[in-house]
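Pasting in a structure now, in structure tokens, and then I'll have a few things to ask.
Note that the chains take the letters A, B, C and D in the order they are written out, and that residue 1 is the start of every chain.
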Amino acid sequence: MRPRRHAICAIAALLVATGSLASCGGSDDGDGDALRFVLFGDPTETAGYEDLVTAFERANPDVDVTLSPVAEQDDLLAKLTTQFASGRPPDVFLINYRNYGQFASRGVLAPVQLYLDKSEAIAENDFAAAALEAFRFDGSELTCLPQNVSSLVTYYNVDLFEQAGVPLPHAGWTWDDFLAAAQALTHDGQYGVGTEASLIRVAPFVWSAGGDVVDDPDAPTTLTLDSGAAREGLDFFLDLQTVHHVAPPEREEQSQDSEARFLSGGLGMYLNSRKSVPTLRTIDDFRWDVAPLPVAPGGESATILHGDAYCMAAAGQQADAWRFIEFANSRQGQTILARSGRTVPSRMDVARSAAFLRPDVAPASAEVFIEVQPSIRAVPHTATWSRVEKEADQILEALFYGRVDREEGIDLLVRTTAPLFAEPGQ
Amino acid sequence: MTIRFERVSKFFGDVAALDELDLSVSDGELLVLVGPSGCGKSTALRVLAGLEQPTSGRVLVSDRDITSLPPHRRDVAMVFQDLALYPHMTSRQNIGFGPRIRREPADEVRRRTEEVARQLGLDGLLDRYPDQLSGGQQQRVALARAMVRAPQAYLMDEPLSDLDVQLRLRARTEIVELHRSIGATTIYVTHDQAEAMTMGDRIAVLASGRLQQVGTPAQVYDEPANRFVAGFLGSPPMNLVPGGGVLGGEPDTVVGVRPEDISIAADRFPADGFRAEVALVESLGSETVLSVRCEDGTRLAVRTGPRSPYRANATIALSVDPGRRHIFDRDSGMRR
Amino acid sequence: MTTRQVERSSWAFLLPYALGTLVLVLIPAVLTLRYAFTDFTGLGSPQFTGLDNLRRLRDDPFFAASLQASAFHVAMAVPLRLFAAVALGLLLAAPRRGGRWYRVAVYLPTVVPDIALALLFLWVLNPIYGPLNQVLGAVGLPQPTWLATPWGARVGVVLMLAFPIGEAFLVVLATRRAISNRLYEAAALEGCTPWRQLVHITLPLLAPVLVLLAIRDTVVMLQVSFVPAYLLTDGGPGNATLYLPVYIYDQAFEFFGFGYSAMITLALIAITLALVAVQVLLVRRWRVLR
Amino acid sequence: MAAFFLLPLLVMVSGSLRPAGLPPPQGVEILPPSPTLDSYRRLPELVPLWTWLRNSTVVVTLAVPITVLVASWAAFGMRLLPPRHRRTAVLLTLAVLLVPVTAVWTTRFAVFETVGLVDTYGPLVAPAFAATTPFYVLIYLWSFTGLPESQLEAGRLEGASSWELWRKVAMPQARLATLAVAVLAFSVHWANFIDALLYIDSQSLYTLPLGLRLLQLLNPTDFPLLMAAAVIATVPPVAVFLLAQRLFFDDPLRSLRGGRT
């Protein structure tokens, strides 16, 4: 019958049209043989990985790599979840140590330990211990291979410090020095210190005061920020905004976030990881540098790990995936990435090289990222940790900006997150 | 109550729907406003109802100028062509809508609604919705809605045009009887000349916004004031022959004669007669209309009795009583 | 062509749509239904767990918060959006010079992409730079930190969604235009004021359409408010805007709770159907629909 | 009051003209002091704006015609069905409208994965094969039910197949319905965020909505830049809508059936 034949032809034509998009649209992964590498990062960061992939492909002509960058960590998790669920996980993906637990706990990752042990190109002791530690999911075997070992530091506006006659931050400076500097720098719409209000920002203060954020780092069942030394650290952090007003209040922060404020010269100190450096390097109207976090009175110096690692999906092309990871973590591979200035290489030899330290550009004290490494600690990396953080951060923000009563808020913080440590099905 | 239009004009943009209308309606009269569609008859009604403001002129009711009065203060009821029944209300609610709006007491509204319904034979239908009623029933609900108000005047805007022929004939007589029994001034608008002839105490013929003629049906039919009225009333319409032709007349006139005023000579050729060939025979049962072609080519309609013996192509002799001729000026169209 | 043939060709015309719907809507929906009673995490094979997810739903404080957020949202947004659509639809239905441009103006925010609308409202609601607070400040009203307080964020999302009401507006407009003017003239003759015309004629005649719009808007606000809310507030602060679809997204895509999120989806569908049913029953009662 | 609804667009444009880093305005300002197009210049330097625009354009140029075809076919098929079956088809279509999008997010992924369409334009175009939304089928059905049975019968007497009736009788009279569906489908596909978020990985395939999200994450408080991006995302659907506005506002229901502007 004529009408049907026409209709079916048309449908077929359409299907072919969209089908062919599948191959023309999806760059070169149509055959399924290319190695799929998923990561998160902004365009400048992604550019570094593109260079890395190019170098790898030149060295390994038999392997094609498809790079799939996503914008941020939430999106990365969504992407990974759908891909694992559909049975087509990426062969290699880059993930933060606070998020890999939910994959590792379900046994969908291929641990890198065996591959690393057999590797002739790289060895375990090439890498920073603090970074390795966070990626041993069961405490002994290395699950993913760390790519970087960044940590929380203090960026500061040298000019503002000098104008205010405040001594510059230095290793071993204390909370009192920090607060005094912040207070001296806060005036006329200018603020002393900017930070986001989140668990990973609070944690180093808690540790420095001698407390911990959870009851048992290996098998946490609750947050422990409500009492003791942990509470002191939390209080000091919250007081910055609610009592001393040295941090921008919420309406200011919403209008101009701390990074933008620091860039425009309106902020004395800014707490962040190495990730800010490429952006801060665009500053040309004042001098800035980097220093360790301040230490609690009578406490120990502490900072928090910001580290990502390459993980391999158990269902992926493991052999080729490892070849890529091996290359990326070779001296050559990490040197390529170090150029972006955004990461602290997990390979100590690269971290100590000029590729990372870059004496020609700010920050002058880049070695701070290496010197603080002994004091780096990590939050837990259990299966539900990212969920705990998500909920905790909402409440910490309310606390930091004084939206809720301190006691009530902290109580709520502990109560809300407690059930999440043992969320069913996780 | 009496109604008077005084030099009422209504312009829509550049188009005159009413052009200096002067018209009086006396108390208790049923006046039919008739004319082809677009002649301004509905506009006249709407101006009277207050739904349109005239561009100029005055409308007087019982000698009072009501031109600027809002519709509901004019004490007139209107029945619309599409009836305008509220589809979401039952017959009862439709009929009682006006009184309820005017906050009349509920039992009074109820009593009057039922009374009017009885008068119109709507008894069992009060709790039905319009879409559950037949066309004739809907028409009566619309009428009842107008009557329940006991207004000084009824304005009816072609209320029967959506009914089929049978119903229309019946409704026509019903309305006339109602008018007789109520005795309120009524203006009835229609484009149907037969309706106009049968219903009106007087007929007002409108064309292009201008009043052509007012008078009793007989006056208007027998002495049309101009060519337009002559051609508009009557079916088949009056034969109008420029210059008169076989009918005889001056060159600067148009001569008209009604089809029933042409007689057919039975056997002998009359002195003032003329010959014509039958082109078409239309038998309507009670009468027959012949379409004939005269020797000079003029075509005429001739009305004759039932069971006509004439066939197409037959030649017949016709004559016209000169007193039955209507003579109009060729240029002005006015009756001479 | 015989009737049989006509019927066969009609199925041929329906085929692409039927296939598309089957593959893109029905099969995925049925799969979701199945997952709701499993512990499916997206990894490995799902195990049937009976009503476990339902029990978990009952005890989940985040689900309760989410339910509350959605309830407040629907209660605020649906009446506001409907009121605006109806008021504007009736106001602008009358033909007048340039009337079409007013209608275009009302519709325009509806074609703004969600993401652009969300970005715009991040700016509008900005506590210091935002135009809204500037206006509030200019007339001496307090200038809240909109997105930082639970109610501020909820109201902010509602405010944003008060603009894209073009569809309902268009429907009201079209329905109003379909009502014969004679009805209003008849009412005017009875002395019906414009207000009473609205109450006695327009609203009753619009009623069936209003019911449909209310149902549709409830469904839309319950189910589709995901994108703007996700972009504007991402559930915060304090889960005040953790609308059901946002929580479903979080569970499925961030917390590996495929099975559980499917159960929340079922709950969402059940709530939607219940609300629709209540609305239909209510109007049956009021005899608006015959 | 109607002008009130233009405010968002005005605010968007005026916001995009603010010089970056300007201190907060004192009082209400319609236009920023010293307005500048600087944000529009910075935008393509910071992000691959042209790639995003191109990708979005590809998606809508595929999705809109497919939507029109599938929706009009489906509606014409329903029109040909005997009334009883037609009613069933309409009810089923309405039921599909009630299925929440959240119900198919994850499981649709599995479907796309099976046919290898993940991380292609496929998932963005795919909804067009289900007419984008059943609503568009109903628009066409409304238009086609205005088509008298006699026209179809007359066509059949001439020997026209159903296909020819669709093409030569039904579609020419439903031109306005086609325009309406095309305009609506354009704005839906242009704004499609969630499908892009879920099923697109490669930045080279990012459509504009996903790109805007990336921009928001990168520069959360650079409002002039964000507003400029919002303006760019908004201009095409607004332009398309303005081209077709007659149709929507003169007498929507009649014009869908009437076939002529």
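Just so we're on the same page, contacts are C-beta pairs under 8 Å (C-beta built on N, C-alpha and C of every residue); 3 or more make two chains touch, one makes a residue touch a chain.
All values reported here derive from a predicted model rather than from experimental measurement.
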{"item": "Count of contact steps on the shortest path from chain C to chain D", "value": "1"}
{"item": "Between the pairs B-C and A-C, the one where more C-beta pairs touch", "value": "A-C"}
{"item": "From chain C, the most remote chain by mean C-alpha position", "value": "B"}
{"item": "Length of the line joining the C-alpha centres of chain B and chain D, rounded to whole Å", "value": "55"}
{"item": "Geometric centre distance via CA averages, chain C-chain A, whole Å", "value": "37"}
{"item": "Rounded Å distance, chain A centre to chain B centre (Cα mean)", "value": "90"}
{"item": "Residue list for chain A, restricted to those that touch at least two other chains", "value": "1, 3, 7, 78, 82, 85, 254-255"}
{"item": "Residues of chain C touching at least two other chains", "value": "9, 12-13, 15-16, 42, 126, 128-129, 249, 252-253, 258"}
{"item": "Set of chain B residues in contact with two or more other chains", "value": "none"}
{"item": "Pairwise touch network: line, ring, star, complete, or other", "value": "other"}
{"item": "Every chain pair meeting the contact rule", "value": "A-C, A-D, B-C, C-D"}
{"item": "Partner chain C, residues of chain B touching it in the complex", "value": "46, 49-51, 70-73, 76-78, 80-84, 86-89, 97-98, 101-102, 129, 145, 149"}
{"item": "Residues of chain A defined as touching chain D within the complex", "value": "1-3, 6-7, 10, 14, 17-19, 21-23, 25-27, 29-30, 32, 38, 42-43, 46, 66-72, 75, 78-79, 82-83, 85-88, 254-257, 260, 264"}
{"item": "Interface residues, chain D side, partner chain C - complex", "value": "1-3, 5-6, 8-9, 11-12, 15, 24-25, 27-29, 69-71, 73-74, 76-82, 89, 96-108, 110-111, 126-131, 134, 137, 156, 161-163, 166, 187, 190-191, 193-194, 198, 208-209, 212-213, 216, 223, 226-227, 229-231, 233-234, 237-238, 240-242, 245-246, 248-253"}
{"item": "Touch list for chain A against partner chain C, complex", "value": "1, 3-4, 7-8, 11, 74, 77-78, 81-82, 84-85, 102, 106-108, 250-252, 254-255, 384, 386-387, 390-391, 394-395, 397-398, 401, 403, 416, 419, 423-426"}
{"item": "Chain D partner contacts - residues on chain C that touch it in the complex", "value": "1, 6-7, 9-21, 23-29, 31-32, 35, 42, 88, 91-92, 100, 102-117, 119-120, 122-124, 126, 128-129, 131, 134-135, 137-138, 163, 170, 173-174, 177-178, 219, 222-224, 226-227, 231, 244-245, 248-249, 252-253, 258, 261-262, 265, 268-269, 272-273, 276"}
